[in-house]
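Shared between the two complexes below is chain A, which has chain B as its partner in the first and chain C in the second.
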Partner chain A sequence: MRLRKLIPACMALVLSMTAPVYAAGTKDITYAAESTVKSLDPHDTSDTYSGAIEKAVCQGLMGFDKDMKIIPMLAESYTFNDTATQFTFKLRKGISFHDGTPFNAEAVKTNIERMMTGKYKRSSLMKPVKEVVVVDESTIQFNLKEPFGAFLNTIAHPGTLMISPKAIATYGDEVSKHPVGTGPYIFEEWVPGNFLKIKKNPNYWRGTVKVDTITFKPVPENGARLAMLRAGQAHYIFPMPAELLKVAEADSKIDVITMPSIIARYLVFNTRYAPLADARVRQAINYATDKQAIINIAMGGAATELDSVIPPNLQYYKKQKPWPFDVAKAKALMKEAGYEKGFEVVFMSPTVSNRLRAMEMVQQQLQQIGITGKIESMDVASYYKKLESQKVDDKEIIPFIGSMGWSASTGDADWGTRPLIATEAFPPANANYGFFSDAKVDGFIAAGLASANPEVRKKAYGDLQDYIWDKAPWGYLYTDSLIAAKSKKLKGIYPMADGAFSVEEAELAD
Partner chain B sequence: MAREKTPFTLFCYKFRQRKTALVAGIFIVLLVLTALFAPLIAPYDPFQTDYSLSMQVPSLTHPAGTDIYGRDILSRIIYGSRISLAVGLTSVFVGALVGVTLGLLSGFFGGFLDGLIMRTSDVLFAFPGILLAIAIVAILGPGLVNVVVAVSVFSMPTFARIVRGSTLTLKESLYVRAARSIGASRKRIMFVHILPGTLGGVIVYFTMRIGTSIITASSLSFLGLGAQPPTPEWGAMLAESRDYIGVADHMSIYPGIAIFLTVLFFNLFGDGLRAALDPKTK
Partner chain C sequence: MLSYFLRRCLNIIPVLFVVSILAFAFVHLLPGDPARMMAGSDADPATIAMLRHELGLDQSLPVQYLTYMGKLVKGDLGKSLRTKTPVFQEIKQRYLPTMYLAVCGMVWSVVIGVLFGAIAAIYSGRWQDYTAMLLAVSGISMPQFWLGLLAIQLFAVYLGWVPVAGFSGKFSELILPSFTLGATVAAIMARFTLSAFLDVLDEEYISTARAKGLSESTVLWKHAFRNALIPVVTMIGLQFGFLLGGSVVVETVFAWPGLGRYMIEAVAVRDYPVLQALLFLYSFHFVFINLLVDMVYAVINPEIRYT
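After this line comes the complex of A and B, so read on.
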């Protein structure tokens, strides 16, 4: 069709007028993203996108590899005690920040103590820490208030990246506009809302950086992002809209990269509402939802069925037997629970197109077992505000089935379960919006945190996943696949499972 | 013997001369019939999903294709005409009812009441229409009823102003003075003598306003503030399909055409009415 070609072409034309002109011979990459950069202070950032750019400039003691496995970065090795209350890191020697300040234990202490002031968005990560001790020039020790087995993940979280102490002293909180780290790229310029540019660090400790600059641009409109890539105005776009996959796949200059995320999508049931408090009803809903159809239609195929309470890329994940789509079984369970005639609920979803589509399909499918009701959609902020404003002793109960998504960016099972199903996580404390409560679940979660020993933790979270799967606290749906698209000339940039990305190994062919 | 030219025959004559308005009038009649008899005309149930027919391009069985859930788009557009017309007509009617009453009071009594009503209108005028509607829906919550309220509120001040203007003129006209001199009550003067005289302008604006109201209601639904899925509202259908532009264009083109034609023809119709009611045109 002609129109199909015309629309992207027009968009590309408009965009080309605003494209920067680079000198010939340099390798410059443009990254077109949906979001805008909010801050460059890792300790004071709560969004994944800003965090990912910070990771190109700053590094932490630990980090994640492509598969969300924890790897040592600025630390060389680590040890911990049996009760998971003391963690000691040996640091790499001979590394300096971009401004020449040497990286050492003293620098780590400055950073951690800055976070411990409680002033920053990521200060909560350091909540378990009692004190941080410089043992010698290249050894740092964390003493915790109580056992916290997931502490290595905390140290690998992008919120604990190291900033040059000199930059902190010079700029104070304005360091959010002048980040100085040890990473492969040096921060160059940021015009908020317009673009952000980083350049090659010629003295990078891990080897040679192969591109000269990377420019990050916000392009919120899905079609425009793809048009930029097709016209060569961008080398990498994220997210690549699943709805337009056919267009991208037909273009020979483009590669589409798909990978599973650590985002769990599910239906949260308000268990304070009598019918949804009955496990049989919740099981019936799990039988009555056609997950595969939802993935194919609502998500354009870009998702995989959720087969445990946490997604496969999280640590200690244990696969469960998926709930088959079986309306007859669902009806039988509804009858057994005494709701043969069904009941009414409110289907709540944020106005995010794929989530709303999924909720529409859930509403269509649950009609078959007599669960009916209106869809109530609102913008993301109001939606979560509404969920968060519930209290356990409220007289008024919203009989809702809600759309939920959770990305556990520490990569650990604790953060994938505790905030969502533990009794301590009832709103407003955290995101257990359906008020699910089970003493056994709370026990497993506590056991998982009581040790940093991987075997002990694996057992606790494995048992938790086995136990909770049939309890059906949620309507299990899917794990999003992350889709990025890039120019065939570009290599080495890839999306990470938590929705961030890595540019360290970027390479651009001529 | 020449036929007597009553204002009505004159109006019919002038209106018929404007071909576009005539076409628009026919279209509107058809649209109203479609809305009334939607269940008889629509080939399918607009809510019937069939995932195996997701995003089919237009064919003989589905003349406007199917949407992502495999629902027939033509049937949804036909049912959608009910919603668009109902929302358009009720919101303008409510707006007109309140606006005309306020305008009449304002023009007739003047003084403090006049100041109060007109300054309040000024405040409402200061907002761009759609922004005001979004603000109202944001306060009341999403849903079609609230959209009707929102659109009525922002139709009101214009009606009030039109009626106030003609009331001010008519109040001083000879026949009103004559009525007053023979002791007609204020109520009688307002409703029997002045109100009919203001209606010409009101009718024209009423017709024009329907188009605007339909597009505002669709815009609100497009933004997710109006009709909630699975309601086959045109704006909501556009919102659902916009992610697929370039892949399944038919899903957005047909609801788009429906909105476009409806609004266009209501405006052309209003335009024709204005010309026909204007004593200066021949």
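After this line comes the complex of A and C, so read on.
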């Protein structure tokens, strides 16, 4: 009989503990993400997710708007010289860091010089910089070692966010756990692997912040992440799993947001030795792959066909005519190149489910033109190690077709092309894993960097994209779409093409 | 008993030494470069080289081993390559959530498992037996992530009784994950108790006890149950050791800030110090639990007393 009394008592206890966590009257947002925060030191961060949270706390001289266009942030205006070796920024006046330290040219210098020590993951961004000069209280000047036309993108990159010089002095490298910036939110608490909380900055220089706190929680499992949104325990989830789209769309309390990313997915192959050295063979591969089928099946429709060497959301993108799926044409090209009977390759992919599925489809499709072989799959770390350890002069290398993805985090055409197709980027120097080399391509890339003038750069990268498309250095596949989902009560948080997001304008209805 | 205990404790030292070598070797033999993973997918080689130097990965393996052992002897587990935070501190933060989950999951699975097993044994061949074993087999066969997601859908999304996932220290957050975690263990316990019980029931002393005219309940609970418990306790110890390592699947499904997920994150980026420390910790758990189990034997069965 005692048990009968105990059960309701227990129930009451349990229920009392599940009572709403949020205090009345405050607006608290929960963001459930697949990733975990790794660091809060912008200069020492290499992942997009941590970078996006840093952007809510810290700001840079320049930034990106919703469409990845560069806009001035802490800088008011900028000028540069014709040779793209000197960039001068006029800073906004009257802005303070969260700890009260004034933001000025001296603070910029401290940050940039910290990066220039070469000790941080984003130090490489400052590699072109020779010196940084304080012209006056609100003017800062960068002198570069050589022309670097993409420098404005560098300054807009989340790796170049400004931290309070006082915080750097106080915490040293532990600033990665105590970020202090000028942004709309103030860092509050971080329990690694569990949650991270930021709160409203009441003195934000751009205006009023409309929510009180945002809590970021890592929820790695797709189903659980969506369940949190549906149960009202999260207001925004990213990524929204493509395989569960139907469930989300059927829920009247949820909005789904889709946008193209800046990730290029393609097949990489060794273009230095036969048979893949022959452009006709590579063109045949592009004709023989049914991109749309791969997108529909391997990506659950959450991708768009790649229609240039760089994805649409990168600067200076120029659309090309997509390669149609045409097996007859592919066969004819194979015959012309003398490979009517086909040849054997190794298909390689990391064991990431959608990439492996895509590779299985490629393997199947290429069978039709006689290109056959087994799939070798391995975890991400081993996979890149394998691609990187190739030697350029190794004639014994087995012809391979590998799965490749690239996200140019500066949003600029230079970082979307140079590391992948320039001769200087052969591994181990960078990610030109197919050893593609073409003097004209190298010329366009150099021209794009020689000036910071948008017209000059636009022409260089436009010409590059026109020229290289038919050379088919890769098997062009697709650009991932980013899918997020949010509660209808929430407004103003949106995903950005680089995989980050913006929370500055977040608003929560009652 | 005390000297036995002390001897067993001393034995732990060489075991842990061997473990330290194995952990180091295992972790460094994994293909893949931590510096590459830390630097991000679009990093330039200078950054990777800088990181490799910073992390001490440009030194020879023996030198790296000596550095690692030198620190370990002083009780320093090193810093996580990924977060640059001391590994000890990170493990400390994740230990309690995993511990709560393991203890909670263990308690209910042992209670249910042993009860079901005993019922199945006592009513061997009858409907109670079949029902209990049907449930047990389902428990073993049902993948944890599936069970977990079903439980989330039902109890958290539709009924809204408990939170979906995450852990901020509230008991309500423990219910679903511990239930999911315990389901497999309960099933294993039930099967194990059943077979141990049946073995004991075949023993002659049970027939003797019955022949003496003892009541059936005395026979079952005083004679059979106590003896059947010995292998069951071994099993409990082993299972608990596994649970303490943090269940990768349950912690992932329920976004639990514990050791299992920590391990997975560390493997993905080849965070050497974290992996070494976790392997070390897991081995320590098993050694320690084995010791504990041996002690419990002695309590359950006075005949087992060590000299």
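One rule holds for everything that comes next: the second predicted complex is superposed on the first by the 485 of 510 C-alpha atoms of A that agree within 3 Å, B and C clash if a C-alpha of one lies under 4 Å from a C-alpha of the other, contacts with A are read in each partner's own complex, and residues count from 1 in each chain.
Following the convention adopted for this analysis, contacts are C-beta pairs under 8 Å (C-beta built on N, C-alpha and C of every residue); 3 or more make two chains touch, one makes a residue touch a chain.
Everything numeric here is computed off the predicted structure, so don't read it as measured data.
A.B. asks: Superpose on chain A as described above, then tell me if chain B and chain C fit or clash.
C.D. replies: Verdict on chain A: chain B and chain C fit.
A.B. asks: Just chain B (first), just chain C (second), both, or neither: which does A:V191 touch?
C.D. replies: So A:V191 only meets chain C here.
A.B. asks: Scan A:A337 for contacts with chain B and chain C and give back first, second, both or neither.
C.D. replies: neither
A.B. asks: For A:S377, is the partner it touches chain B (first), chain C (second), both, or none of the two (neither)?
C.D. replies: First partner only, chain B.
A.B. asks: Which partner does A:G223 contact after superposing on A: first (chain B), second (chain C), both, neither?
C.D. replies: both
A.B. asks: Report for A:A293: first if it touches chain B alone, second if chain C alone, otherwise both or neither.
C.D. replies: A:A293: touches chain B, not chain C.
A.B. asks: Determine, under the contact definition given at the top, whether A:K127 touches first (chain B), second (chain C), both, or neither.
C.D. replies: Touch status of A:K127: second partner only.
A.B. asks: Which touches a greater number of chain A residues, chain B or chain C?
C.D. replies: When the residues of chain A touched by each partner are counted, C comes out ahead.
A.B. asks: On the A-aligned overlay, A:Q363 touches which partner chain: chain B = first, chain C = second, or both, or neither?
C.D. replies: The first partner, chain B, only.
A.B. asks: Based on the superposed arrangement, let me know which partner A:T36 touches: chain B (first), chain C (second), both, or neither?
C.D. replies: second
A.B. asks: Can you report the least C-alpha distance between chain B and chain C in the superposed arrangement, rounded to whole Å?
C.D. replies: 6
A.B. asks: Share the list of chain A residues that count as touching for chain B in one structure and for chain C in the other.
C.D. replies: Residues common to the chain A contacts of chain C and of chain B are 223, 378-379, listed in rising order.
A.B. asks: Chain A touches which residues of chain C in the complex?
C.D. replies: These residues of chain C touch chain A: 30-33, 36-47, 50-51, 54, 82-85, 90, 93-94, 97, 145, 148-149, 152-153, 156-157, 160-168, 170-172, 175, 252-255, 257, 261-262, 265, 268-270.
A.B. asks: Write out the stretch or stretches of chain A touching chain B in their complex.
C.D. replies: 1, 3-4, 7-8, 222-223, 241, 243-244, 246-247, 290, 293, 296-298, 351, 353, 356-357, 360-361, 363-364, 374-379
A.B. asks: Which of the residues in chain B come into contact with chain A in the complex?
C.D. replies: Residues 49, 51, 54, 68-69, 142, 223-224, 228-230, 239-240, 243-247, 249.
A.B. asks: In the complex of these two chains, what residues of chain A are touching chain C?
C.D. replies: Within the complex, chain A touches chain C at residues 13-15, 17-18, 21, 32, 36, 38-39, 46-47, 118-119, 121-124, 127, 173, 176-177, 191-195, 217-221, 223-224, 227-228, 230-231, 233, 378-382, 384-386, 388, 405-409, 415, 419, 428-431.
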